[in-house]
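Here it is, the structure in full.
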Amino acid sequence: MKYTQSGDLVMVVSHDQKRYFIRLESERELQTHRGVILHDDLIGIPWGSEIRSHLGINHYIIEPSLRDLLLHIRRRSQIVFPKDIGYILLRLSAGPGQTIIEAGTGSGALTTAFAWIVGQEGKVISYDRREDLQKLARQNLQRVGLEDRVEFRLCDISEGFEEKDIEALFLDLPSPHLFLSQVRGALSNSGRFGAILPTTNQVSALIESLKKHDFDLIDVCEIYLRFYKPVAERLRPTDRMVAHTGYLVFARPVLPLADHPNDNQDVA
Amino acid sequence: MKYTQSGDLVMVVSHDQKRYFIRLESERELQTHRGVILHDDLIGIPWGSEIRSHLGINHYIIEPSLRDLLLHIRRRSQIVFPKDIGYILLRLSAGPGQTIIEAGTGSGALTTAFAWIVGQEGKVISYDRREDLQKLARQNLQRVGLEDRVEFRLCDISEGFEEKDIEALFLDLPSPHLFLSQVRGALSNSGRFGAILPTTNQVSALIESLKKHDFDLIDVCEIYLRFYKPVAERLRPTDRMVAHTGYLVFARPVLPLADHPNDNQDVA
Amino acid sequence: MKYTQSGDLVMVVSHDQKRYFIRLESERELQTHRGVILHDDLIGIPWGSEIRSHLGINHYIIEPSLRDLLLHIRRRSQIVFPKDIGYILLRLSAGPGQTIIEAGTGSGALTTAFAWIVGQEGKVISYDRREDLQKLARQNLQRVGLEDRVEFRLCDISEGFEEKDIEALFLDLPSPHLFLSQVRGALSNSGRFGAILPTTNQVSALIESLKKHDFDLIDVCEIYLRFYKPVAERLRPTDRMVAHTGYLVFARPVLPLADHPNDNQDVA
Amino acid sequence: MKYTQSGDLVMVVSHDQKRYFIRLESERELQTHRGVILHDDLIGIPWGSEIRSHLGINHYIIEPSLRDLLLHIRRRSQIVFPKDIGYILLRLSAGPGQTIIEAGTGSGALTTAFAWIVGQEGKVISYDRREDLQKLARQNLQRVGLEDRVEFRLCDISEGFEEKDIEALFLDLPSPHLFLSQVRGALSNSGRFGAILPTTNQVSALIESLKKHDFDLIDVCEIYLRFYKPVAERLRPTDRMVAHTGYLVFARPVLPLADHPNDNQDVA
C-alpha cells in the first residue's frame, strides 16, 4: 500500500466530480464550497482514500494522471487537448531521452506532455515570442515538477531555431506555413514534423508550403472524443461534446534525388 | 546530417505510399512489385533520401515513427489502434521508468507502445494464456528492438497477477468485468486502470463490476480519427474511415471510508 | 416579388441571429430586448426585407422553413431533432397522401414534420397517454396551421392501435420492445417501422424483440450533425456540438414461410 | 392484408441482405446467383412474404422505401446520399404541392426525392447541361414512376433560370459561387437556397459569394451516419463508415435596407 507524503501533488475529487489540485504541506488547508480539509489529514494516508470535509462531503485523494495535469493547466491561450496530445506523441514518436522542439509555448500543455515523456534524460526546447505566456508556462511546469526538462527560448522563430538535427518538431502557431525553411534547418531529414491548426484555410496553406519545402508523407486528420455516461443500465453518450479543437498535420522532410549530396543511391 | 547505418530499421516508402520495413544488412536486397533495391545502396546515405529501384520507381528512406511501427505489426488478433493507444498512454500516465501491466498480450501493439514509453529503466509485464500470441508478440517486439523491456507471463489472470502496487494496468480481453478482484490485488489504490471493449454490452458489464469493486472516476469514451486528402486546393476528408475500434473505459480504485485501514482522515 | 400579408407566420431574425416567431396581425407589436417592431410595419412588405426596431437594430423578415418551425416548438419533453427527422422521413418513406402512426406524441415535433409531409390528403395519427403533452402538441400544430392533418388519440398503446394496414409507424417512447405485437397489428406486412431510443440497453432490447416478432431488414444507426462557422477565410467547425440525441432503429415486418396464409410462393 | 400486383415495383431481399429491384410482370423471371424466382410466384402474394428460389435460398418480398429507391439508382456520377437528402428536404422545406429547382440533375437521386415529396400537385425543375446524365436521370425517374413530376431543362444555368419567385432551389455542381446572380433571379426573397460541395475550398468560395449577393442565415454543416450491427447481445458500430460525402450549405436571399423598393419598414 502506498501512502501520501508531504510535498506530493494531489488531486482531491469531490463526490460530484469537482477536482482540486494541491501540493500537500503541513498546517495548510484546502477551502472550497464543499468545506474545509486540513492538509495534515491528507498526509500519510493511503492513496485513493475517501475523506470527509468539515461539511461532511466526501472526497477521494487521487494521484493525478498526465491527462489530469493537462486539463488543469492555468491557461491564457487555447491549449492543445489531451485527445490530440496523445496522438501527437505517437506521430512525433516522442519517448525517453529525446530532444523535442515546439513553438509556440502557449500556456504549456503540450510542453508538459513532452516533458513528461522525454524523462530526465530528455529535453524539450520551447520557443515563444510572448514573455507573459512563457512565464505562465514555466509556472505550470514548475507546479508539476517538470521545469528542469524544458529550455524556454523567448524569441521569434522567423530568425530560425538554434538547434540542428532535431528528431521531432511541433508548431502550434497561426502561420506555420511561413516557417518551414526554419523548420528544415532544425529538423533532421526524415524527422517528425507536426502542427495543429484551427481552420481549413490554414491547413491548405500549410500543405502547399510543405510540398514546396520537400516534405512528404503528409497526413491531415482530426480527432473526435465522445464520452458516455458511465451508467451500466442506461449506457449512452453525453449530450454534448467538443466538436473541434484543431486539424493535425504531420509530415517528414525528405531529400529529393536532385538535391542529394551524393549520388550513390540510384540503383538503376 | 544523419546517415543510415547497417542494422538500422528502415521504412522504405514508394511514391504511391506503399511501405516496406527492413533492417539494413549488407549484401541483402529488397524485392517488391516496385523493383529491387540493394541494402548496400541504402547504407550510409542521409535519412530521408530518395532512391530509385531497378524499375526506376522512386522511394524515400524514412526512420519509422512509433505509429509507423504499430501499424506494421504482424497480427493474428485485432490490435489496438494508434488513435486509441495515444489516448491510453495519457490516461494511464505512462512514462519513463514505470512498470505497467497489460493483459492480454495479443499481437503486441499496445505492448510495443508501452515498452517504447517506459524506456530502458521501465518494464512492461504482459499476460496472456495463448502461447502462440505471446510468441508472435515477442517476435514483434524483437523486430523493433524493445523485447528487453517486456516480461511475458504465459498464464491465466483468473489466478491473479504476481505483482503488487503497480501504478497502471490495462485489460484488452473479452470479459474484463470478471477480473477486477485480481486487478485490485495488483494495482495501487488510486492507480490507473483502463480497458478496451468492442461492444456496448461489455461496457455495461464492466461499469457495473467497477462500481462493485470500488472503482471511481469512471470514464467511458470512444475516439474517432478522420483523415483528409492532403491537397491544398481541394481539401476534403477521405471517403471512408474506421467507424469503430472499441470503447475505452478508465477508472481508479479507491478506498471508501468504511474500508479504511486507519480512521484519521475523517476531519469532521 | 412576394409580399407578406396579415395572418402570415413570420420569423423575425435579428442581426445577431436571435429568432422570433410571430403571426402578423394589425395593431400588434413585437417587443424584445432588441427593441419594438410594429406588425403593421411588417405587413405588405417584400419577404426577406430588412427592417429596423425602434432601438435601431436591424432584423430580417423570413418565411420559416420546416426546420425553423421544428426548432421553435414549445416543448415539455425531449423533441426529435431535425437531423434525425430528415432521415426518419426517408426511411419511413413519408410522402403526400399517406397515413402515418406515431406514439408517443410528445411535444409534437415529429408530428409536425409528418403533418407537413403527408399534405392535405394525408393523415397523421398520434397516440399518447399524457393529456398535457397532447394538448401542448395540438397547440404547436395549431400555431403552424397543420392541426387538421392530425388525429390525436389519448390512450395507451398497450391496448393496441385502432388502425390496420398502415404503411408507416414510428415509436418514440421508452420501451418500444414491449409493444411490437400491437405494432404488427396496425402495420402492413413489409411496412416501415422506426423508433428512436437514447440508450444502448434499449436498442438491444428492441433488436431482440424485433427478431422475436418477425421483423427483418433491421438497421440501427445514429446521425451526427456538425456545423461550421460560415466565415470564408477562417472556415472551421463550431467549438461544440450535440453528441447524442438517440439511436434510430428501422425494420420491416415480414411473413416467414411457416406463417404464410397460402403456400404457392415456394418455387422449389 | 395487402397483396402484390402485376406492375408493382418490388425489392427482393435475400437472407444475406442482397437486394434486387424488379417490376412484377407475368411470365418473367428473376435470375441471380441465389437462384431463379418466377414473377408469377410473386404476384398476388402478401407483401413481406418469404419465398424460396429454385436453389432453396429464402428471400423476402418488400415494398421499397424512398431510401431504398435512392440507394439503387443507376448512377454515372456521385449521387447525393440519403443521409444528406433527408436534411436537405427539411432545410428546403420541401413539401406537397411545391415547385423546386435543382441544378445539376446528375443521376437523379435528389431529383427523385424532390419528386416524391412534392407529390402529384408539385413540380421539380431540373437543370443540367449534360444530355447523357439527364437521359439517365429520366430513366431512373421512370423506373420509379415519378417522371411526370419533373421537367428537365437541358441548358447551362450561366444564362439564368427560366423561372421566377421559386421557393426552394438547390445546387449540386462544382462552382455554385459563380451562379448566385442567376439564383437570385429565380429564387423568392427569403426563399430556401441549398448546395452540396465536397471540398472546404469550394465552401469558402460559396460563403464569400453568398455574402456579396445578399444572402443571410448562412449555415454550413456536415452529416455523419454511423450504423450498428443489429445484434442484441453484442451491440457495436460497424467497422467502417462513409467519412465524407459533402458539406451542406444553406442560406436565404434577403433585401438589405439600402435596396428596398419602398421605405416604410423603417420604424425608427
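We just call them A, B, C and D in the order they show up, numbering each chain from 1.
Keep this in mind: a contact is a pair of C-beta atoms (placed from the backbone, for glycine too) under 8 Å apart; a residue touches a chain by one contact, two chains touch by 3 or more.
Just so you know, these numbers come straight off a predicted model, no measurement behind them.
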Both-way neighbours, i.e. chains that touch chain D and touch chain A: B, C
A-C compared against C-D, more contacting pairs: C-D
Separation of chain A from chain C, taking each centre as the mean of its C-alpha atoms, in whole Å: 44
Distance between the centres, which are taken as Cα means, of chain D and chain C, whole angstrom: 19
Shared interface positions of chain B, touching two or more other chains: 200-201, 203-204, 226-227, 233, 235
Chain D residues touching chain A - in the complex, by the definition given at the top: 200-201, 204
Touching residues (chain side chain D, partner chain C) in the complex: 1-2, 13, 17, 36-38, 41-42, 45-54, 56, 58, 60-63, 65-67, 70, 82-83, 85-97, 113, 116-122, 165, 188-192, 200, 203-205, 207-208, 211, 216-233, 235, 247, 249, 252-257, 260-262, 264-268
Parts of chain D lying in touch with chain B, wherever the complex brings them together: 198-201, 226-227, 233-244
